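The following pair of complexes shares a single chain, chain A, combined with chain B in the former and chain C in the latter.
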Partner chain A sequence: MSRREIVIEPITRLEGHGKIHIFLNEKGDVERAYLQVPELRGFEKFVVGRPAEEMPQITSRICGVCPTAHHMAATKALDDMYQVEPPLAAKKIRELIYCAFMFEDHALHFYFLGGPDFVVGPTAPRAERNILGVLARVGLEIGREVIGVRKQLRDLIARVGGKVIHPVFGLPGGITKALAPADREAFLAGADRAVEFALFSLKLFKGIVLENPQYMEWIRSETYTHRTYYMGLVDERNRVNFYDGWLRVVDPNGREFLRFPARDYLRHIAEHVEPWSYIKFCYLRDVGWKGFTDGPESGVYSVAPLARLNAAEGMATPRAQEAYEQFYATLGGKPVHHTLANHWARLIEMLYAAERMQELARDPEILDPHVRNLPTAIPRAGIGVVEAPRGTLIHHYETDERGLVTRANLIVATQNNAARIAMSVDKAARSVIRGGVVDDGILNLVEMAFRAYDPCNACGTHALPGQMPLLIRIYNPRAELVRELRRD
Partner chain B sequence: MSKPKVAFYWCASCGGCEEAIVDLAEEILQVVEAVEITFWPVAMDFKREDVERLADGELAAAFINGAIRTSEQAEMAHLLRAKARFVIAFGSCSHTGGIPGLANLFDREEILRYVYEEAPAVHNPQRVRPQERIEVDEGLLTLPAFDETVYTMDQIVEVDYYLPGCPPPVGLIRGALQALLEGRLPPKGSVLAPDVALCAECPRKHTKPERLALKSLKRPHEVLIDPQTCLLAQGVICLGSATRSGCGAACIQGNMPCTGCLGPTSRVLDGGAKALSAVASLLDATKEAEIERILESIPDPVGLFYRYSLPASLIHRRAGNGRHIQEGRTR
Partner chain C sequence: MAILILGLGNDLLSDDRIGLLAARALRALLQGQEGIEIVESAGSGLALLDLMAGYERAIVIDAIQTGQVPPGTILEWRVREPLPVRAPSPHFTGLPELLAVAQALQIPFPEEIHIYAVEVTDPYTLGREITPAVRRALPELMRRIQAQLQAWQVSPEGA
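The block that comes next holds the complex of A and B.
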């Protein structure tokens, strides 16, 4: 057999255009699979010269699916830049909106993107591995509830933020307007519905996945396992927090390796450049870049739901904590290294987001009309951090004395995960493509390796039925097309 | 009768336009009933080959969001143009260049050098850059080229209609789909939004003074904005008077000024110039020192007045020595 190449292009559940290029040796086994990200818009450069207070709105255009994450990270960078502490009510309203956003975004991934692989099945007929298949399995009524609960929460975000796609409420020292009593009632109702829906989703996951030995075997399989460092925001008691806290890193054995405030990020996080992708690959400066490899000697780390659970010591709300304990009891203790466990972790985070919304909306202080402290300091530099649905997000700006940006640096969620995602695709391809045999089921098994992370650019894809179409072209050494496999 | 075929596609964009379609929520099911979506990479099965196989003009409409920055995006725009009877430039980036169009203030080389060499977290002593053709140990990999300039859709292909906004408001999307299905289309080249300024639908319009004479301007972070009063009356620049309506004054409902994402009305050639002149007419200053003091409160006029429209403007981009990729331009 001769050497050959497999190109998977286009892959669609990434924002823009991703492709996977697989090189096979003479035996038809994988030498290496590359996940390439072929796009760049250059936000870090063109924000230079713009007023800092416009950053929450300008940088939200990085991603129209997680605009609230960029909006919030930039807003927090402004608090830091102007050394102005928002009033308590403003902080609570920010976190309330943020939890609503995390919930609707996670729900979208589970039901429309990642869920079909489990709810319908990884080797189910390809025409059924999509939201229609999910609806057929769980019923149209539940499908309407997915659409309905998302719509309700997105409307709530717009109610405070002006728009849900590219909201406008964040300013240094607080937010643009106070919460009205009617808004609070609406948030309370939305939060209650969200808690019920999260509990239902966990039950659904238990019935379909946890009680299915074959699925559990997939989750635990070495094909989808990497032993890396994990990073996530934690509160003062090391519990998961989306809005604020310390960045905590645990090593591949689950021991605390770092715990630092976001302002120290440059001491710990570095970016590596490869000539074959426009994305930059983050790694831990303290360990160093050792290539696309895992283990304690490699600075590769991971973010997003599984990483957040691993990097923390628990959840701050009671029912999410129960689910957290069950998660580790079932999967053999901390840390869990199985990439596909991200799906379960995401549902646990949904429950936390919903419970946290309830707590915040019930707090009478949230109606305090004082929601902004005006900045008085001369701006210089500011760093803000949040946990985006897809992982740690850091915005860093430097300005002149008028508050015009002179330098910007953004560490976005999927960048933190980029090295491990690339490794996951490579490893899955090596495991499932053997002796040159490739078929439709195998394509899905390769896809599942990156889908579990919910790569940032997938966000735009969710609402309509559909699965990722794939095209694999196999060329001989003379670059002549010998075989084309398509999954329509 | 077979259902009309439509395509959705994205170029250099953030995904917000896709989410805006998703925000039709249950109405999207009615859309699927009425049309056959033959191409929607983000949500449905697709192949470029499937589009290539269509007869010219077989698609009733192609909705394309995002600006154009790579040759691949330009190729897709040309392909869809050939296959579709109507091309709708969807959203600010496609319509007027959008926020990523501000990249036209910098050269390609400046962007690449900063991102891959100068940004503070980068550790890249070898000065590695992404390459269009890369020999790795196992063989050859390729990446698309990153062009010098951001283009609007109609600078690359002929556009029939524009759906403005960042993202387009759900109501305008609904209206455009209905107009298309019922064949009630306005003259070619129309922007599918009301042709009046946003002030007309602003909930604060009754608080806008007959005549404004501002002696100073405030940046949004410098002042507590009253949630009932016209922002201009509070000295905060709001571009509502130079921007189309159709969004329900969403940002103003969020207690922040309009930043102009829907673009100007049909009577305006250059939206940024119009916005600048609208603001200038509100100022009460005759002495040079007064004027300068007020101008200091507009520290970034390009970013303010051309936030969504630099590529579409008469300025288009900062002059430079860089290569300007113009291939494929039809207009």
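The block that comes next holds the complex of A and C.
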């Protein structure tokens, strides 16, 4: 076949990691671009036969990137399995810790992983498109604050929940220990600092991105736009919630399409398999799989910050709500279909997480020493859901009557997003690569399409590179390597 | 606190556990030793900045998969200043940036970092079993690290 292939390896690490393959035709235009992500092998085999109570510890060790999300989803699956409702204080402490985690993870992405794209700029010289370039642009004071506020929150999570890497506080029906008044004071201080930092970050984004016509053109461009369905957790008033609620799906016109409790997920979410990828592509069963295409007839949906804002009717805290309104006013109403708007949505969620921490820490009920209801039901099956930083995360376990796991299924955020991410990579490649011209800046425009989702290929590998290097291989029509570009 | 020994790896991922096992073995050996702290972590990227800040020297132990050397081979790097360390492991891809960030932000960071990475066979399958070739590297790994500690004049014998 007369074509050549370009491979972008977003992670330098090892064989089998995330790669973008771009196939060019004779004219040098893109025939098709694929994203491949690694597979987590042996999870089911590993957990079958183990006590369900171990799942919050085991699943949180799958990945060093978002242990808190797995720990929380697993703990909630155990609540469901033992049909035990945690006391209010326990729920609030869980959510408090969870909001701290969401904040620090989002801050990391905005400044250090996604930052090089927008803060520094996609077409800046590649030597500057890294963490140091971000620091040079925002100033060392801000750099120190990013490190400082994240460290403070991570220390708080560790203080109440055990090590950030291996949280141990979640139990079926509650948590291991009540919140001490001193811990509450520490959380209040951390929350105040986080609110200030989130507000500052939104201001920074306004100055650097919103007031830059070129950036706004990229955000709004068709290259980075898909009109899909969106899913996210909402509270009883359809406002964004990270810890609990109903899964709400809106259609590409922003109308409510579904609203269901997590335990019904199998009725609404199905998985499609492609021969070229390990990942199973989630789609809406009620719409059906129509291929990698958008519009109301296609069951492709999206999760993560932009999707959460689209799937909700607002934010539950005042300043985040203001930012939410400004977001839609600026980008032309709901829903926003521009993938790159995820960066802005992430900052609005950071502000919400920080304000929600303030609310929870101020709530007198959070000091109630009663933080666990003992489970008495015979275990059978449990399903738990949270919004991980990268989108909806569902844990589903089945056990025998002794509580030993017989089956486990995890739907991770990047899987929910997989179809749309694949479409984004393909569309961006088609749009920016013409006549075989492929340089570093052009490839970065392709990479930006998937980095906006903050996709985590780390679930099997605890890999989190500080930046995303590229390996590009270009082959002639006889599949001989003619050129290799490397960016570290 | 002068010296950090940092074992990296995922405790559920077969050969990827080697750094953690080495850290545990060293903890038993170096019990009561002043001036050495032993930490295990599954973290990477910026998390390592938090872990490593404030020490004068650091030993980092990890799994690596280069595909260029037989499994069980111990690879070493010595980092004295921000250098492009091109190690194909997730924990190290970020290290040059970490050093540069620490320097830029004036965060106290180890002046000397010795990295010991064991070439592994399978860091991708969930399991607690380590492949034999990798396990056999453990005594030599311990010997080299103890020699290094001795060179830094803090041998386990308490010199």
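Note that the second predicted complex is superposed on the first by the 466 of 488 C-alpha atoms of A that agree within 3 Å, B and C clash if a C-alpha of one lies under 4 Å from a C-alpha of the other, contacts with A are read in each partner's own complex, and residues count from 1 in each chain.
Here, a residue touches a chain if its C-beta (ideal position, glycine included) is under 8 Å from a C-beta of that chain, and two chains touch if they have at least 3 such contacts.
The structure displayed is predicted, hence computed values, not measured ones.
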item: Touching partner for A:Val168 - first (chain B), second (chain C), both, neither; value: first
item: A:Lys151 touches, of chain B and chain C: first, second, both or neither?; value: both
item: Which of chain B and chain C A:Leu140 touches, first, second, both or neither; value: second
item: Touching both chain B and chain C, residues of chain A; value: 12-13, 15-16, 38-43, 45-46, 58, 61-65, 67, 144, 147, 150-151, 154, 164-166, 460-467, 469, 488
item: In the complex, chain A residues that touch chain C; value: 11-16, 38-43, 45-46, 58, 61-65, 67, 108, 112, 130-132, 135, 140, 143-144, 147, 150-151, 154, 164-166, 458, 460-467, 469, 488
item: Residues of chain A defined as touching chain B within the complex; value: 5, 10, 12-13, 15-17, 21, 23, 31-32, 34, 36, 38-51, 53-54, 57-58, 61-65, 67, 78, 82, 144, 147-148, 150-151, 154, 158, 160-169, 171-173, 176-177, 265-266, 269-278, 280, 282, 285, 289, 372, 374-375, 396, 402-404, 407, 409, 411, 457, 459-467, 469, 471, 486-488
item: Touch list for chain B against partner chain A, complex; value: 10, 12-23, 25-26, 28, 32, 37, 40-48, 69-70, 72, 98-100, 102-103, 105-106, 110-112, 114-116, 119-124, 128-131, 134, 136-139, 141, 143-144, 146, 166-167, 219-225, 227, 250-256, 259, 299-300, 302-303, 307
item: Sites on chain C touched by chain A in the complex; value: 10-13, 16, 41-47, 49-50, 65, 67, 84, 86, 88-90, 93-94, 97-98, 100-101, 104-105, 107, 123-127
